[in-house]
Amino acid sequence: MRTEPFTGPSGERIPVVRTRRWGRLAAAAVAILVVGWLVYVMVVNPRLHWDKVAEYLFHDRILDGIWVTIEISVLATVLGLLLGVGMAILRLSHNPVLSGLATLYIWFFRGTPVLVQLIFWYNLAFLFPELVLKIPFTMIGVKWDTNEVMTGFTAAMLGLGLNLAAYFAETVRAGIQAVDKGQTEAAYALGMTPAKRMRVIVLPQALRIIIPPTGNEFISMLKTTSLVYVVAGHDLMTNASQIYKANNLIMELLIVASLWYMLMTAIATFLQSRLERRFGSDAVRLVRGGGRGARLLSKAAA
Amino acid sequence: MRTEPFTGPSGERIPVVRTRRWGRLAAAAVAILVVGWLVYVMVVNPRLHWDKVAEYLFHDRILDGIWVTIEISVLATVLGLLLGVGMAILRLSHNPVLSGLATLYIWFFRGTPVLVQLIFWYNLAFLFPELVLKIPFTMIGVKWDTNEVMTGFTAAMLGLGLNLAAYFAETVRAGIQAVDKGQTEAAYALGMTPAKRMRVIVLPQALRIIIPPTGNEFISMLKTTSLVYVVAGHDLMTNASQIYKANNLIMELLIVASLWYMLMTAIATFLQSRLERRFGSDAVRLVRGGGRGARLLSKAAA
Amino acid sequence: QSLDGGSTEADSAGAAPAVTLDQAPAEEKAADVINAITPDESLAAKVPAKLKSDGLKVVSSIGYPPMELYASDGKTAIGFDPALARAIARKLGVKVTITDEEFNSQIPGVLTGRYDFVISSMTDSPERQKQVTFVDYVQAGAGMIVKKGNPAGVNGPADLCGKTVSVVDNGSSMELAEQYSADCEKSGKKAVNLLKFPGDQEALLQVTGGRAQATITDYVVAAYKLDDPKLDIEAIALEGTESPWGIGMKPDNQQLIDSVKGALDSLIASGEYGKLLAAWNLDKLAVQSAVINGGK
Amino acid sequence: MSPVVHATGVRMSYGDTQVLNGVDFAVAPGEVSCVIGPSGSGKSTFLRCVNGLEPVLGGSLRVLGEEVGYSLREGRYRPWSPKEFASFRRRIGMVFQRFNLFAHQSALENVACAPVHVLGLPAEQARRTAMDHLERVGLAEHAHKRPHQLSGGQQQRVAIARALAMSPELMLFDEPTSALDPELVDEVLEVMRGLAADGMTMVVVTHEIAFAREVGDRLTFFADGVVVESGPPAELVANPGHERTRAFLSSVLSQREKAG
Amino acid sequence: MSPVVHATGVRMSYGDTQVLNGVDFAVAPGEVSCVIGPSGSGKSTFLRCVNGLEPVLGGSLRVLGEEVGYSLREGRYRPWSPKEFASFRRRIGMVFQRFNLFAHQSALENVACAPVHVLGLPAEQARRTAMDHLERVGLAEHAHKRPHQLSGGQQQRVAIARALAMSPELMLFDEPTSALDPELVDEVLEVMRGLAADGMTMVVVTHEIAFAREVGDRLTFFADGVVVESGPPAELVANPGHERTRAFLSSVLSQREKAG
């Protein structure tokens, strides 16, 4: 704001008063009071055994569960992203059959609950006791016991990964379509084939649009993994609930699990913002931002 | 493609052959075969009782469950959207306390599993047997029995709505920030106050960015409602599982539930695309799209 | 409204107006027995006032036949536990509502006062006694379900070593399976490979799908499932596993605990309890008297 | 008559970059004041200061009789609230280089928007007046079109009508034709000529020297955040007093002379 | 020598809108052919057809000795595969109005991209050659900058270097300077003058009549999807044969004459 006083008609200095925004201050004070009160009421609540929370925070089974949660989330996200890129490209293909199938895939996997998909894959043996891959009209082929192939881990990967892929396909498609048409034209004009253009020019730029929702999906995947209890998986939430089922410290163990989820979310959010900064809109600006943007950038780099 | 033949040097017509894209055709054929085979194998599977699927498809409890699912999803989405807009505006506020609190809210509710939040609200009486709203240092106020206020329905609304609001807040913020700065300047230059500018100019344009993710959130909310089983809710998935607990037809009832979810998803997707067409990027184009866009628009309107 | 008025219409019980008692639903196998029960005047006089005004609020996790299941309308709870709850309510001369909750939401529901008691095939265990007080109403044992013909040759706990067994990841059958596994290891054999599931249907699916060789559950439930030809299974009782199941109530509500215990004792003495069990083909589960917190 | 705009020693910076280094500038009522200068010299920034869109850091900037951003009370200057800023800006019309029409509203809605939402006129009356203003800029038959359905020149004319609908006492134009295709420039300049003829007080940042010479009462040359020189347009173009002015004018005119 | 571009009766439409209505046009090797015409007359579309970016619907368009989009085999024309299109376009450089630099790559990477990914040159060699091309357009010291850190004129010069790096036999320019601030136009035209002097065959859509007169061997006037007339630039500007041409030229030149 203004740093110097005004000069009056006869050369005298007229001071500038600083305004206090009373409304703002009041709003802030009320908000802080409410939050503080909520925290206080939780902390001193005689019905919550905070000593138990502390005791179980680093319980072995909780730590095991965290590990499983992270492992499954990361792998399912990677699988979902790879498949999602493929589906997005199919969906944008000019071949009506392929793009129709991709649409069907997306609709099907977005349309059915993950829980059902997990139960379906895990219990595939109920429908098909053996998985047979053979050359038609011959006796040559391979055969597996479905239950041996479809472990809880495989089922979790398939259930979560295929489902996520359907959501990612839409995200990636939006990202691809958001890349300026001029980029594609320039690539073609330089003699690139459609595939090369996609790989070298379009996908790297689509990252900008893809990263933020991917971060969100990953964060919500951290919590979706709790569904693996139906495939006998032992993620954080399942383990926490098994503990409270035994000792009935429901609220305490939910707090333990929540604290860990919040920590994981905070870390994921941090990583997401790092990625966004690295590949985000600033790095892939399409129009010249003027002196200002350039200056900010070079400052950030310094 | 080209509609007429070429003319040779001596005036004769040289025909153009149409190319068949064999690769494409083959890919399409394989894809259709695989999907068809999967469907066939499911349909003829002797362990699936399709007659039972048909029987339960319109079972009273399934229909009741669908109604509950839709009701809760719609209400929670509306609540989440309203709160989310508020949080987004707070988050963008210049007041560091308010924007900090909004950030805290978003992080907290994104960070904790919905399941935990549902259990927490439903069992609020465990922590606070009575809800008291009174004027400090007096005896005047109102008091409710927590269990009477916090029915399963209220808990579901709060749990799902507050959680969704945290996700929407980010979406709405992105939408607001995506509105061209020039719009804000023009609004200010015409003498609008910040609040009026937000309501009259910015939010209506932010809709364009907000609608697609809102559709996605609604679709995934349809399935998230299945968590209301912990607050004694009877949504589609819960009712289906209660039926199979009694009659052991687990796969069949999962298929029934999935069919309904797919139908609801299809309808929601359709409505989403209608909304997108109404409020979407075409309607709120920022740069002049040339004759083409205008022509497409007037065609669509005709 | 003033807050210090203490506006609770305290124990003004007195001569309560006569209530019309609930009739058992038609599909309830013990409906005749229940509808014939009349209030016990001395018990009714001591019933907490809140029960008289609001009725008895019972919670049960429906979906565990024959103990608790839905009638064909999909809304009315029937089975032995609802039958007993209705019988107790009639004995006490109060109305009754039975609500379905997810199994693990039931104890919090009782503790927060949303429900008066839980009756849901709940094993009376010392851990649970820290939260609620039980009036034990049956004595039940565990059983195993295996595929028809018992292809894996599982006849007793000792045969489970090195096999895959699915259980519901909570409560007595899981503890039992863990104990068998420990026994296997003690005797130098391979441990039991335990798969834990949220519900007994998912656990059973592992047996019919061939992933698990057996599932351990309550014997009465296992026996009931035998009647379903689709499943293609047989049940094996596990001897010496009997433990009491209890009606759980908030420990500080002594008046309610006394009323429920009194009602159950009265039902046992009058033989109506036995008829209820017989109606659901569960005579094996009978107890001789209502014991408080009998679980070890 | 006291000047409509009276700047003395106006200073302004974005962070560490000093953009205006003491601008002295005055506009009399009814005057058409044109501003030229190289890119980055602070012309837009100055217009934004006049309108209160950017805060002035030093010097005095009096517009329409008020010290922009401050009211003098009891011997001290008190900063304006957002409401006070809004009612000040209401009195000034501004036209941007990139038009900035409200993208979700038709041409008519764009023009009627501020009268309804800012002045609180009844919708029907506002629409009627809006139609009159659209007529004035020759766009009555395009009233129902969305901005993206209009050509650049048409969009800019709607933007002018939108500003006029608030009956401003002063109009600011920031390079109103530089985003337009050459064939569309004239239709906008024509509207501006009309305004000037009606006696509107205008400050116009422009590269259209021909327009400045024909319509402007005064031409001011900005460079590096200060006013280098100022005078009647024809004189300034013919005999620039400073080397910088001469260099700039010749670079702007060179292309065009070659073309001629 | 046979012409590099030879269009006879080229027709093209977007859906129902007929855009090219039978264009006859030829460019000899080493010729600089300038194209002018009102907005929407199909100039850009024609360039895109020459490059195979849009399919021709009728007539014949022979470029670099090939019928664009078709090969003649056994007495029949067979449409090209995407690969054949790609190797055809490799031989033609194109510069767009909006530069279209790859936003995620530095200037150097932009220039080296196609040689590496299309021609399969080793990365090191491609970078060295790219550096030479950047030097040629005077941007060696900006090689590491991202497009958004460059001015419009600099971006356009990088775009030219990028096209040159493929050693094209024909260069197409679609209004290469019309998105630039007036002061930046000259630096781009300078590079193009250099190219013309080196004997590059060029088709240039432009509004810079001065440039066409100075550098162009031929000036063609497009209107409504046909070539209205064509001739040596100075002659065409001085004595347009058609009323349409005269009207267009006078509207483009009017502003600039007034300024002079």
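The letters A, B, C, D and E name the chains in turn, as written, and every chain counts its residues from 1.
Going forward, a contact is a pair of C-beta atoms (placed from the backbone, for glycine too) under 8 Å apart; a residue touches a chain by one contact, two chains touch by 3 or more.
Which chain is which protein? Per UniProt: A, B = Polar amino acid transport system permease protein; D, E = Polar amino acid transport system ATP-binding protein.
Just so it is clear, the structure is predicted and the values come from calculations on it, not from any experiment.
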Subunit E and subunit C - chains in contact with each: A, B
Set of chains adjacent to subunit B and to subunit D: A, E
CA centroid of subunit B to CA centroid of subunit E, Å: 46
Where subunit B and subunit C are represented by their mean Cα positions, the distance between them in whole Å: 40
Whole-Å separation of chain centres (CA-atom averages), subunit A against subunit E: 44
Junction residues of subunit A, two or more chains touched: 119, 123, 126, 250
Multi-chain contact sites of subunit E, meaning residues that touch two or more partners: none
Where subunit C touches two or more other chains, by residue: 104, 108, 202, 205
Those chain pairs that satisfy the touch definition: A-B, A-C, A-D, A-E, B-C, B-D, B-E, D-E
Subunit D residues within the subunit B interface of the complex: 51, 53, 82-83, 85-94, 96, 98, 100-104, 113-114, 117-118, 146-152, 155, 159, 162-163, 166
In the complex, subunit B residues that touch subunit A: 21, 24, 27-28, 31-32, 35, 41-42, 45, 47-48, 95, 97-98, 101, 104, 107-108, 110-116, 119-120, 123, 126-128, 167, 170, 174, 212-213, 216, 219-220, 223, 226, 237, 250-251, 254, 257-258, 261-262, 264-266, 269
Touch list for subunit C against partner subunit A, complex: 104, 107-108, 127-128, 130-131, 166, 169-171, 195-198, 202, 205-206, 208-211
Residue ranges of subunit B touching subunit D (in the complex, touch as defined): 180, 182-183, 185-194, 196, 200-201, 204-205, 283-289, 293-294, 297
Touching residues on subunit B, where the partner in the complex is subunit E: 1-7, 14-19, 291-292, 295
